[in-house]
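Common to both upcoming complexes is subunit A, partnered first by subunit B, then by subunit C.
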Partner chain A sequence: MPPDIPGKVTGEIKYAEDYKREGMIFARLLTSPMPSGRVANIDASDALRMDGVIGIMTADDLPPSPPPGNPALASEYITFVGQPILAVAAVSEEIAEEAISRIRVDIERKDFVIDPLESLAPGGPKAYPEGNVLLRTREIGPGGTPIMSAEIKDIKWPQSAIDALREGKEPVGAEFPSEWAFGDLEAGFAQSTHIIEEPFVTIGYPHHSLEPRTSMAYWENGKCYFHGSSQSQSANDNGLARMLNIDPANLVFINEATGGGFGSKIGPYPYMAISGNFSRMLNRPVQLRITREQEFYLGSARSGMQGWIKIGVKDNGKVAAVDLVIVNDGGSTGGGSGSSSAQHVTIAYQPESMRFRGISVYTNTTPRGAQRGPGQNEMAAVLAPISDKIATSINMDRVAFRRVNVADSDGFQGGSRGPLTSAFGREALDQGARLFGWDEKINQPKRNGSKVRGVGVGIGYHGAGGRGYDGLVRIAPDGKLHIHSGVGNLGTYSYAGTSRAAAEALQVEWDNCEIHRGRTDNHLPHSSGQGGSNTMFTHGRANWVAAQDAITKLKEIAASELGGSPEDFEIGGERVFKSSDSTQGLSYAEAAQKAIEMGGKYSGMEYPDDINPITQRAVQGIQGTGLVGVSKDKIPGQGQPPGIQVGFCEIEMDLDTGKYEILNYAAVADCGTVVHPKNFENAMRGGAVWGVGLAGLERHVYDPQNGLPANVGLYQSKPPTYLDISTDTNMSAVNIPDPQNPIGARGIGEPTQGASAAALASAIADALDGHVFNTAPVTTDMIINHLAGNTYSTQTPNLKTNTF
Partner chain B sequence: MNSRLTRRRFIKGVIFSGAAASTGASFYLANAQSGQSSAERLVTLNINGRNRPVDVLPQETLAHTLRYKLDLTGTKLGCNRGECGACTVLIDEVPNYSCSVLTHNVKGKTVTTIEGIKAADGTLHAVQQAFIDENSPQCGFCTPGQVMSAVALLRSNPRPTRKEALQAMSGNLYRCGAYEHYLNGVMRASGQLA
Partner chain C sequence: MPSHDVMPNMDLYQPVQVEDALAIADRLAERGWLVGGGQDTYGWLKDRAKSVEALIDLSGIESLRGIKETADGIEIGALTTLTEITGNDLITQRYSVLSDAAGRVASPQIRNIGTLGGNVSQDVRCWYYRRGLDCYRAGGNLCYADTPEGMNREHSLFEASRCVAASPSDTAPALVALDATMVIQSSGGERTLAAEDYFVGPAIDIENTTALRPGEILTSVRIPSTWANATFYFEKVADRNSWDFALVNIAAAFKVSGGNIEDSRIVCGAVQCTPRRVTNVENAIRGQAKNSSTAESVAAMSTDGARVLAHNGYKVPLMQNLVKRAISA
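Moving on to the complex of A and B:
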């Protein structure tokens, strides 16, 4: 049982907004009511005269964040509805609100754009005065270090290219800042016996983490104590310290629990700068509470895509060539995930040749960022019915087609065709087809009165692991194993799952372990951000290497106490003892006491040079209190650990209403060894529900006339509820250990959604005799329009995104 | 942006059902707009079996009183507008969204929050224990609300069918999504799951 579960069912665990502090004051935001404009003047004199108002913060009080940065407070240009312009701090939220209503902000309206293609058209509006496209550059600087930078550029396409893409054709003559290719594309298409071309469009949508990104900060003796809502823990330290212009050693980041993130809270978000700097300015604890409405505006969203794909297959079903074009809707932050979408195609198809061309366009819509399987999952949703269409056209079973193409351990990912640590997509498909009963289900009668059944299959994928982080453990003189984890707590319990790697390596009973986490002053090592499904692999390894360091030290201590060499010793039963005579040994408690006496590396008085400064500070905080195991993960190996999942879905659609019910869903993960079966199932089911949202329910809707978002709240955004999902699901795993993680695990958080979205989209197409909508989501209105023979919302070539 | 203009925006915001014509602050303003000028009044509330005297504004919501005046922070605010269920409490045993109930309206009624669910000796309620056994929560932010809805259901219907449980719980969003684990928890707490 993860140790924080009881606090969740009793309500005792604390989130950022649950903390109070003596003298705490309340900041509220004044936000832009329009999508694009220039702040001409701010008159806050009335507000400043009010009793109880403590201060007002504007962009001038923060370090400048010129475009393409996402400033916490807009300085001159407004680029989205809901963009914060200033913050007011007062003794109560009511007074802060009242003060905001008395501030006069003059904003000059400017042209806005909500459709990327409109912005690329000749003479089209641009979201920023500087341009319409985010350009990321990577140059190699002195000493071979890459220098990453970003700028805004103005790119226009010929009208003929815009028209072509809208009509589902290749946009010839269009400029793409991002492009890669491998193999001989021309030869690939020449060898193909069947070629299809399809347009597709997906619409972004907000994360809507249930806990809005409230924060509270106060300063004591030059240190900032910061309560935030982040997916990650130690990974925030440096970035947040930079926002506050302090040495990371002077930051205590406190984040015991986080009410969901889904990619929107991986690192420190810009608005942390407001509470942190405001509280220093005013010398009072400041809480900045973010409302649900503001969480929609500021809380980030998935990027949308407008695209075109051409696929060539051989007689045997092997994909010989793929040509892919993606225009991403980058919202007001400009970033898209086109290359990751293309990466999904490489895993699903392992094509013999492929070209990807992408461009990411700014719109005056909410900021965009990573959202669960960014790029991969929305691509999975639109690719599944297209895959079905190809399979059907060559008379191949839809599962068999995927089986021929999906990645295995000798496979590759992405445009660079990088290697994989291991992959068992085929095994997952076979196991899933059995679990679901694919062969029986595709042969059952489809139609029953006005109801029709559809069955579908889909693949989800995301790179799932990193390397090179640090682990830190300590055996105390009472024999207890203390595992220090810099991993965040966004609800995946991976902080606990990865801690088990240390406990098991040291063979310590779980009840005799204590995990230290949740605040910097618990002495936490350097950690990856908890995004990209990476933690199980990354920190399983890091905790394992720390445990190995502790084992080495245990043996050295025993040898120095009992004679012989360290190799003569082994561990077991929380003791270190001679292999030849188990009665000669030390308990972990005794060894820890000896470590304190011996000092040096044994008690953390000395530590390796190659550990991160964050870990060095953590070691300094616990040195001399026990036997310290600390190490950087240098486990050899190469390649990307993939998280792969297959999903199988059966629906019943009502042809009179266009509504469908998900009858059952089965999924099989290829994520290496399953570490915690119950938690694995929970992650699988959560992701499956996210897939239902992506494939069928959730989307941004903007009013094209005024650029206003029309579905700000939860009710209109439509995250799936108890009534929208299948409660008859079957979750399983291939369960073949990954050779590059001592505990065998890879991540799976993100592919869970992609597989479910893809399987549902495939099932919807199947129910409609293979009709391909080429959109995500496919909403009920699209289905009913299609059934009625109306083309308004089902005609994909218009590639409408953000509107409908 | 003077206060009259803001008021107009707020009204517009309601008409558009949350469309962005309002500033980001407006919905919270619904609780607080007359905060400065109106007086708090002392009321005594019955919360988790105890009488709790507290100063309350005319437009104050029960969620606000619980969280910010009585320090009962187990009740969460996910939306503050009746859409998510994170703020669910029992009023005379009936589950309610405490963000959408005025505190003055619960005078003379009994209010049960997540803090009042455990037994006096600290033993977890069957629903809480079942949610642990089923590993139901992920991020945990919706969990107190899910517990309250499940407790209310089982008090009125100790052996619900799965379908009845689904209906009864459907006012509680679970953004992390593993609804089935809460549903199984409800069935387990009712003794219908081994």
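Moving on to the complex of A and C:
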């Protein structure tokens, strides 16, 4: 059992909010009541006169963060309801709250917009005075270094293009800042025997991390000790240090347990700047507690999409051409996931030709960011019923259609058609169809009174690994293997799963290993952010290379002690010994002691030049205390490791009520070797649950009249409950090792949700004789309206996002 | 915008006798706020969308708890939890429409805390109103939901009068179906109201959803034997199967003899500000066979008079289907 499970169940584990410090004071936020405007004046005089109020922080106290930055505290640019304007610190939370209610903030109202298409229309409102579209730029700087930048641009479409897209047609004449294509699209459609065009709309929704992003900071001897809530550990160091304007060496980031992030806490988020800088300003430990409500506003959300897709297939089911248009709702931060959505299409279809055109539009809604399979998963949900429609139109089984098209190891991903490390989508489909009983289920009677059965299949995909990070291990003179992990603890225990790579490479009993993690001063190496399903691949490799370095050093030490050359030695039983005579050797404990005596690279007094400065500091912290294995991951290879999952879902829908029961769900992951079966199943189940939310329940709802969000509360946002999901689940894996990871693993976290959402959307369509709603989510009222032939309520599709 | 989540400063009274509670309620009148399980209350107060000088916490008054048999049915203390009602033998055996309804309220955790008195007396869930906007119900002079652009998917089909908020309760339709009597005490004595009259719509009182006046406490609910062991039907349709308010719910009681409906009370929730009795359907099916044919023939009339808003049109077929199911079940 992972060690922090009992603490999470009993409440004994400490999250950022649970840490207290002598003299700690409490900061609370005053946030914007309106979606767009500028702060004209702040009068805090009454509040500052209150007993117990220590200070106030406004945007003036932080470095400027002009658009398109997302400032921690807003002033000139208020762009969403709930945006922080100032913080008040007091000796108690009650006083801080009371103080906030005594502060008068005058805000000049500005036009706001919640519908991206409305903003693109001629004369339409825009979220920023400067424009309505986030444009990311990439220039080549001195020495060939790419310089990434972003700016806000004002883009308008002809009304004819807006009207066309709203009517489900190609928006001819529209401008797209993002575009790629491959193959001969025209020829592809010409070769197609069946072509369909479909509009679609998906609505973003918040992450609702159960642990709000509370933070607490204090300073000692020029160092900032920062308790935060993050998915990641070392990946926060540089960004957070920049926010505090300090050398990363003077930051101790502490985050031993995290209550959910789902993409919203991969790296430092703007509001971390408040507690850290406020603490320095007031010379007191400051806790900034984020409320449940504020987590809705500040905790990020999935981007929405308004789109159009045209797909051409040949008689054999092969997708010959795809033309895809996506308008992303980027909320107040402007970023969308259109290209990632298109990437999903490339994996699912491996089209012979494809064009993607995208634009990401600002709205005055909450900041948007990565959320579990951003782009890919919502695309999976709307693409599945469309795929079913095509398959049916060519009299092809829906699984067979996917089987013909899905990526394999020779396949590609994305517009650049980059290679994959390995992929076994077909094997996953075959295995899943057997596990689910697809052939039997599609032939069973569908109708029983008011109930009708629907079965569905879907594919989820996300890139699942990175390269080039560092591993750090140390064998202590007591013989224990100390594995230093810069991986965060999101509850997936990937810090432990990846640590096993080092333990197994060094053949050390797990009980004889100690993992160091959770705070910077535990000497943690440079690590990826725990997002993008990457950690198993990325840090399995990094820990493996660190272990290899340790093995090399063990052999060198043994050779210098016992004679011969390092190649004459091998390891086993926590000893290094001569291959020719296993009695001649050193225990790991003895070798570690020798390493300390020998110094240099053996004890970490010297280290490779190519490791990250973060890792260099970590090595400096442990140097001279044992045999240090440290290395950057330079394992050769190329291509993206994919995480692919297939899901199969059976529902029983009640045609009187529009409600459905999910009878069973089966899923098979193509994620290389399953390293930790229990946590694999947990990830599969968690994703399956949230897929139900994406496909059927969760969405932002904003009032177009005043820009206020309707569903701030958890009960209003409707993430699925235990009674909304299938309790009959079967999870499995193809379990074919990835050749580019010594431990064979790829990630799978994100596709688990996409596959579930897609399979459910497919099953809903199947229950309704193939009706394609073209929306995510498909909610109860939409189903009832469809069944009743209602036209006076929610139109499907109306291509509106953020509203009913 | 302040984002509060600590309780505001206020006085707290924790009486253990009804008489003491009534005296405090009488003295404080509008300045006091009655709280039972608190599941409606704490959101209002923490959000500062409503404020009050003093809370009168009724949860320590044991005499307001429990279910007892009376000469003419049963009496349920207002502080009886929804979980207790769900599992009570008297109710499940004789008035199962109420236990079924109570069992579908919110979530197990909320049912463990939430009371019958609170569930029927809770305020509406219109999100504009709950947000603290100055709508008609909050004493202002406009409705944000009843506009072409309003986000009014959960709002009313019937009896809107400036306000289009819908009744959120699951147990209220069941109590109306059972022809329950609400027992209301004040320092001046006791009065009783038929459940149907306990709930008031915006045309009568736009700021309150019940007939309860300041100084009064709903102390119990009496359910007569009139409808004991009738043929019952309860169904709630919500987006989620737990922790959600009804899109539409229905509670119905039928007296059936020889397959024919002698009498019935059919009540829908979440379609207007109060539980809505579908009396035209009750009249039409009197003497008719309780079967799907009868159900089909009357379902459409159940929504006669509905005024559909921009996003709640689905409630019309949903309500018709639930009425149909209740009769044909």
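Just so it is clear, the second predicted complex is superposed on the first by the 796 of 804 C-alpha atoms of A that agree within 3 Å, B and C clash if a C-alpha of one lies under 4 Å from a C-alpha of the other, contacts with A are read in each partner's own complex, and residues count from 1 in each chain.
As a working rule, a contact is a pair of C-beta atoms (placed from the backbone, for glycine too) under 8 Å apart; a residue touches a chain by one contact, two chains touch by 3 or more.
Remember, it's a predicted structure, so these values are computed and weren't measured experimentally.
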Check: Of subunit B and subunit C, which one touches more of subunit A's residues?
Finding: B
Margin query: Once chain A of both complexes is superposed, is A:Ile100 in touch with subunit B (first), subunit C (second), both, or neither?
Written below: both
Notebook entry, point to check: Of the two partner chains, subunit B (first) and subunit C (second), which one does A:Ala710 touch, if any: first, second, both, or neither?
Noted result: both
Margin query: After the superposition on A, what does A:Leu29 contact: first (subunit B), second (subunit C), both or neither?
Written below: both
Next item on the list: Using the touch definition from the top, say if A:Thr721 reaches subunit B (first), subunit C (second), both or neither.
Entry: both
Next item on the list: Quick one: classify A:Thr780 as touching subunit B (first), subunit C (second), both or neither.
Entry: second
Check: Touching A:Gln294, do we find subunit B (first), subunit C (second), both, or neither?
Finding: both
Note to self: If we overlay the two complexes on their shared chain A, which of subunit B and subunit C does A:Lys634 touch? Say first, second, both or neither.
What the structure shows: neither
Next item on the list: Figure out whether A:Arg447 sits in contact with subunit B (first) or subunit C (second), or with both, or with neither.
Entry: neither
Margin query: Quick check on the superposed pair: does A:Arg109 touch subunit B, subunit C, both, or neither? Answer first, second, both or neither.
Written below: neither
Margin query: Identify the residues of subunit A that lie in both the subunit B contact region and the subunit C contact region.
Written below: 28-31, 33, 81-82, 93-94, 97-98, 100-101, 291-294, 297, 703, 708, 710-711, 713, 715-716, 720-723
Next item on the list: Using the touch definition up top, name the residues of subunit A that touch subunit C in the complex.
Entry: 28-33, 81-82, 93-94, 97-98, 100-101, 291-294, 297, 450, 656-659, 697, 701-706, 708, 710-711, 713, 715-716, 718, 720-724, 779-782, 784-785, 787-788, 790, 792-794, 803-804
Next item on the list: Please give the residue numbers of subunit A that touch subunit B in the complex, ascending.
Entry: 1, 4-15, 17-18, 20, 28-31, 33, 50, 52, 81-82, 84, 92-95, 97-98, 100-105, 208-212, 257-262, 291-294, 297, 490-493, 678-679, 681-683, 685-690, 703, 708-716, 719-723, 725, 727, 729
Note to self: For a test of understanding, state which residues of subunit B touch subunit A in their complex under the given definition.
What the structure shows: 1-3, 6-7, 9, 16-29, 32-33, 35-36, 57, 67, 71, 73-81, 83-84, 86, 113-115, 117-118, 124, 127-129, 131-132, 134-144, 147, 162, 166-167, 169-170, 172-181, 183
Check: Contact residues on subunit C for subunit A in the complex?
Finding: 1-6, 9, 43, 47-48, 107, 127-128, 131, 133, 144, 147, 149-151, 153, 235, 237-244, 247, 308, 310-314, 316-318, 321-322, 324-325
